[in-house]
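Everything below concerns the one structure shown next.
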Amino acid sequence: MSMKSGSLGRYIAMRVALAIPMIFVLLTLVFVMLRVAPGDPISASSGGAKMSQEKIDELRAAAGYDRPLIVQYGDYLADVVRFDFGTSVSTNQQVSDVILEKGGATVTLATGGLVFALLLGIPVGLLAGRFRDSAFDVFARLFGIITYAAPVFVVGLLAQQLFATKLGWFPLEGETDPLIANDIPATTHILILDAIWVNDWEVVWNVLWHLILPAATLGLLIVGVFIRMVRVNLIQTLRGDYVEAARARGIRERDVVVKHGFRNALVPVITVIGLQVALLLGGSVLTEKTFNWPGLGKQLIEFLNSRDYVAVQGLVTFIALVVVVISMLIDIINALIDPRVRY
Amino acid sequence: MANLPTELVAPTGPAGTAAPKRAGRGRLRRTFAPILEAHGLARFMLWTGIAITGFFVVIAVFAPWIAPYGYDAYESGGERFPKQESPGGDHLFGTTVQNFDVLSRVVWGARTALEVMVLAVVFSLFIGVLLGLLSGYFGGWLDRILVLVMDTLFAFPYLLLAIVAAFMFSDVPGGGIVTAALAITVVYIPQYFRVVRASTLSAREATYVEAARAMGAKPRTIIGRYVFSNVIQSVPVITTLNAADAIATLAGLGFLGFGIQPTEAAEWGYDLQRAIPDLGADMWWTATFPGVAIVLAILGFTLVGEGLNDVLNPSMRKRRIRTVVIPPIAKPRQVVTVAAMPAAVPAQGEAPAVEQTEDPATPGASETGDAPASATGEPQEEGK
Amino acid sequence: MTTANGTDSTTRTGSGTSRDTTAPVLAARDLRVWYGSERGPVAAVDGVTFDVRPGETLGLVGESGCGKSTLGRGVLGLLPPGAAVDGEVRFAGKNLVDLSARQLQQLRGPELGLIFQEPMTRLNPLMRVSEHFEEALRTHNGDLTKDEIRTRALDALRGMGIPASRYESFPHEFSGGMRQRIMIALALVLRPAFVVADEPTTALDVLVEAQIIQILADLRRNFDTALVLITHNLGIVAEACDRVAVMYAGHIVEQGDAREVFANPQHPYTQALMRSTISLSTTGLHYIPGSPPDLAHPPAGCRFHPRCPKAMKVCAQEAPPEVLLPNGTRNTCWLPVPDMTTADGRRPLEVEEISVADEA
Amino acid sequence: MARTKRVIAAAAVGVIAVGSLAACGEKKKDKTPTGGGSNSAAANTGATVILGTTDSKVTSLDPAGAYDLPSWTIYWNTFQTLLYLPAGSTTPTPDAAEKCEWTNPKLYTCKLKDGLTFSDGSPLTSEDVKFSFDRMIAINDPEGPASLLESLDKTEAPDAKTVTFSLKTEDATLPHKLTTGVGAIVSSKGSYPKDKLREDNKILGSGPYVLDNYKADQEAAFSVNAKYKGDAKAQNAKFVLKYYSEASTLKQAIQKGDVDVAFRGLTPTDVKDLRDKSGNGGYSVIDGEGTELRYVTFNVKTAPADQKAVRQAIAQVVDREAIAKNVYNDTVTPTYSMIPAGVQAHTDAFKEKYGAPDKNKAKAILDAAGLGGSPVSITLWYTPTRYGAVTADEYIELKRQLEGSGLFKVELQSTEWQQYQTDYKAGKYPAFGLGWFPDFPDPDNYTAPFLYKGGYFKNNYDNPQLNELITKSQGQNDRKAAEPTFAEIQKITAEDAPVLPLWQGKQIAAARTGVTGMKETMDPSYIIRFSMIGKK
């Protein structure tokens, strides 16, 4: 292995350095957007007839809303650096606690959706690309377009009505059956991992069983992107110079397609996964609402409904950070897999 | 919903697009030629998409004439519509829990969707193009900041962005439609920004801009033209896909309850959300029709966008494989042997002596194989 | 840089004549390769006949788009979908045109080799050099052990001047010249009897080019490999080829001993091509007006006639015969055969405005 | 005294609840002891009962931190209060207390029962009671119910068994307040900080149940508290609150048998469908009494609602029967007083004054005030995000009725709840819809909050005569004696019409066949007594 670890290290350092201004801009955007929003965060969320003006002022002072915006902005940045996303006005919880409590479910759902999309999208995309312009290819492309065109909430409702209500194959909603997961200690706060940790396979299966419909719904949102991506990549790869070169060396067609075509066509998919994270998190808002999945998206809607700006700001900040960090990680993973990326 | 971020037609280098000098009509013809030439799946997608979209636009534009009743009508001739009536009779698509006529709601919903979509596309086009031009033209710190901000917006979960934006703009005059349009606008500005900025940058560096500048033409004008010709190439795809997304986002906002209220306008997402209880109560029509409308409208625009992308993006254009059948050789090759070498560079008309093996007048007789084996030992099976 | 077994490069083994009696390794007869297109069939290669003997190098020259690469690939059966091949390519007692895709695949590598123009993109970026060799050797010699593979691969690489220490590297870690040598090593590790080198040096700088040419020269001397060298560069042909074939618009217009052809070009196209070559002695820039014809609708008669300064009436009407000259050169032209044409036919063709394809 | 938070709690769509019972069998497997197989008429006290609800907004598990029904539902079952309301009764009855009585109108004294312990076995003394009230006031959490204790001056524990409450002003409703979440007795021995909320999502109380597990928005699991000393006799071993985010899902859950009882949050359409299908669905729909109130408030300083004639004309036109029928499928009952039927001292004041809807009478009223010329333009506000989406339908119906009289031109406006509250308090809306969900079933809780000096919604209505009557009623510790006072209050309200009561919600539950006790606990107190619900 003559891989030069030096260049990899340099690449990672560069990529991390690139993420920093992006995070900064992101935080600024979130701050500006939520401070431009109408209404005073404190009085809006407490709605407070019964609250005296003094009490409101006190709360405002406690939350720091009485200080100049620029000072608040500084505090906000300083807090985020310490992973302090504020305290919800409507539920009195630390937003970081909310994230800890609900984040696991969203991670589970998003991962499930991603896995579903990959499991479906990659084979379909590969076949479609391999047999370009065949009936299967046409079907695959139309399938991708239709799944892309059907909004998550329509698909979710349909899936729920058909597979849960009418056929009864899957549970209606939620992450587990009642009571079943009560004894699982929260080690990672991702229920399914916690259950594996304590070897409670009944809970693991129960979560998986509950996960299928929402994950498929969310996965369908992005499966089109994968089909498309894989198909296009494979077509381009199979037209590629090194594929022709391999053929010229008399490599068997099957090996050409699999070793030179598929493998190379799949590399960019990793990058696309990075791009899909934002989409998955956005889609999870609607999916979590439809399937009553106890994640951050559903929580965010509740915070929005109660105009809990502090909590919304905290959650949105966190989600944005996640997106930036994941896309950074994906780039780094990509560099590990594809030696060219490192330059 | 999502942007399909993969391989939209990116503006190519200067050679990729029509030269700015070309007359507008020629450019248009060039732009549309591929559409007319499209074939296969691209053609199917394009024309199906155009048909669906056209249907949608016609319904939206002529909603007042098409819809049997107003979007908030609950009675006709003093007689109240029945509640949750199944389709048939006076109400082809049935009625809702609010005594609305579903058909009318769906038809008027098309108009709402179109209004929001057009506003959102126009806003984001305008702002995105303006910022892209500024950024690409002036460069420097303005460019760097704008790029960073746009990249950040682009990376953001778009639905979250739209929801937050919907809150930001909830007091904007013009009501729910403008609010929704603005919320969606925020999401799509970065896409136009990117395209226009890239075009502007490459235009700035293009040699003919240098030349034009040297000749005293205003670079701004040149860039404007150049960018325009690029924009006109890539924007249709982005715009149609964005239009699809706009409908989906609007419906998503409505579905979550952050959208337009029923007395303000008919909106599919809201209607669908309100129809969920009906769905469980065997009243399929209140959810089905708005649901189908949402999917169809999005599908129509997506198909147009995908079809356009296929057509305009040559690398993805379907190669129609035409198999060739090679006809038998009509006239076999004649081989003649000459005895003497011609002059090194023979002048015209000057010919070396020829030892003619075949009568040129009767080429048919000069069948293959008849050519005498040459001294050089050339193969015998000529012309076989 | 020298090749490991670098020998004196100036030595040129005997001219073609001494080998003319040897049976050709590969013989093409009336080979035609047509593509389908929107505008009708494109006759990219349209009735080509040539022989290559063991250890012989045939240079294939001509402008871009005249069918050289198609010819090279057509021989190996490496054509895109929709292409049709007709005629005969006789190799080891078989007609390659009639073989199935599978049979062709088995021949490619151990019998037929192809070296490409652009070495930068011809290696799979995700595979180490070693994996490329393993794959090729495994495919054709399934019973080789890993060590044997390694030995053979390293031998081939060493032959190209690539040190064994780079065996496990990824393609992107090599320069263009090194990659081309790896490509050649890959093509040769299976000792093919016949190799097509499709502009192997075009993308490389001059020093590297010389190296590669040297390597190819060594190759045919050491292994008796028959080589078709496709190139734009007439200098290379003069230096490295025994025989040369000049292609124009899907036809071979002239072929013969390289030195003969260069010393005394017969076909007006060859003459024009040579005039256009820039060398130290060049006094003015020559070029051939116009561009090669659209092969979907080639001109009638001689395909070069619209651009031919010596075109006669007959040239526009009837395809010229192949004229076998005493020095062994074959020239497809009406000029040397006045007896076969009428006086009227030999009248100069009226110079039309050269109908050039649009710049677009 | 405003219980804004309470209004929030009231939230649920004017609706309903469904309950039912069923052995929800196989899926719960080993973890859920089911009552299946037992045909005995007696409830299976070893059963696990699962109650599904959309009332999931539990603000806090600390009684000092929440003033809403979902939270209080948990408190009522896990904490003891000095007094409680037995099912079907509106009279506070001793619970943790042996007995409570007025020493004088400003001093209330309670004696604790013997041998009370918290679920961890530690004794419950008067110090704990004093601690609970002191900390409630000290924390004064904006989301908490401390405002209910405004009349309380101080709490004292003269001995281990005695607690005394000294009042700043006379407050006959104190016993009622002691039955609510504000009266929950927490342990003073460390688990509850004295000046801030407990945040670990655990509960230490002395009520009939202990909280085993709580997952916000998902479920709360309870089991019977072995150390509990009180009147409740648990009909089950475990009780689960399963929270649903969508009413339609809850409805499907009861139909499939995923839950034993579905309660609150179902839409009128859901209820109708459940009723239609209940015959062979393995469940039945149960109607209980309901005192949830929905009404329109007029800002008497904002045109055109500043004209009494306009308010009266609206009251004269509105057809409550039609609202109940058209919008709510009769899942709600028309109400003609701010004190709903089922609560002491209720009179049909508005019906007595206005009679049946009559546009001619309304026109006469307007004409008399010189407003009869052209239709009166009025903007009617509602919020779609607090009381369920069906609120929109209700206000559309109102608009239709008002415009149908030819006397009004109505513009409907809506905004999301938080903005809505801010704006109506700022007097921006002439007429706006609100809902009320009682803290306790005492008529004072339906009058003082709205009518006393502008009420909690600050509609500027300030009638000295009414203020005086309210103060008087609050001093009347014999609630029977206060009835004439309330009759007078209601009469004046109907005359001035600063608020327009529209309907009161029934409590509706759906329960799987075999579930017992659900109907009994659905009384005007809105307390779900877990212990009463069993499975056969």
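Remarks
So that you can tell them apart, the chains are marked A, B, C and D in the order they are listed, and the count of residues begins at 1 in each.
Note that in this section contacts are C-beta pairs under 8 Å (C-beta built on N, C-alpha and C of every residue); 3 or more make two chains touch, one makes a residue touch a chain.
Note that the coordinates shown come from a computational prediction; the quantities given were computed from them, not determined experimentally.
Contact count check for B-D and A-C (C-beta pairs in contact): higher for A-C. Note: the chain lying farthest from chain A is C, by mean C-alpha position. The central chain of the assembly on a C-alpha centroid basis is A. Chain centres here are Cα means. That of chain C falls 91 Å from that of chain D. Spacing of chain B relative to chain D, judged by their CA centroids, is 55 angstrom.
Put simply, the C-alpha centre of chain A and that of chain C have 54 angstrom between them.
Each chain gets a centre from the mean of its Cα atoms; for chain A and chain B, those two points are 27 Å apart.
Looking at chain B, one finds that residues 170, 257, 273, 276, 279-280, 321 touch two or more other chains.
Among all residues of chain A, those that touch two or more other chains are 38, 165, 289, 305. Multi-chain contact residues, meaning those touching two or more other chains, occur in chain D at positions 246, 252, 385, 416, 419. Chain pairs that touch one another, listed by label: A-B, A-C, A-D, B-C, B-D. Within the complex formed with chain B, the residues of chain C that make contact are 20-21, 24, 27, 29-30, 32, 34-38, 41, 47, 49, 51, 81-86, 88, 264-266, 271, 310, 312, 319, 321-328, 330, 335-341, 346, 348. For chain B in complex with chain C, the touching residues are 319-326, 329, 331, 333-342, 344-346, 348-349, 351-352, 354, 356, 358, 360, 371, 374-379, 381-384. Taken together, the chain B residues at the contact with chain A in this complex read 1-2, 4-7, 40-41, 45, 145, 148-149, 151-153, 155-160, 163-165, 167-168, 170-171, 244, 248, 251-252, 255-258, 269, 272-273, 276, 279-280, 287, 291, 294-295, 298-299, 302-303, 306, 315-316, 318, 321. Interface of chain A with chain D (complex): residues 38-39, 43-51, 55, 59, 90-93, 97, 101-102, 160, 164-165, 168, 171-175, 177-180, 182, 202, 289-290, 292, 294, 298-299, 302, 305-307. Residues of chain D that touch chain A in their complex: 1-5, 8, 27-29, 31-32, 48, 50, 57, 59-60, 65, 140-143, 147, 197, 199, 212-213, 215-219, 221, 238, 240, 242-246, 249, 252-253, 256, 258, 385, 416-419, 421-422, 425, 456-458.
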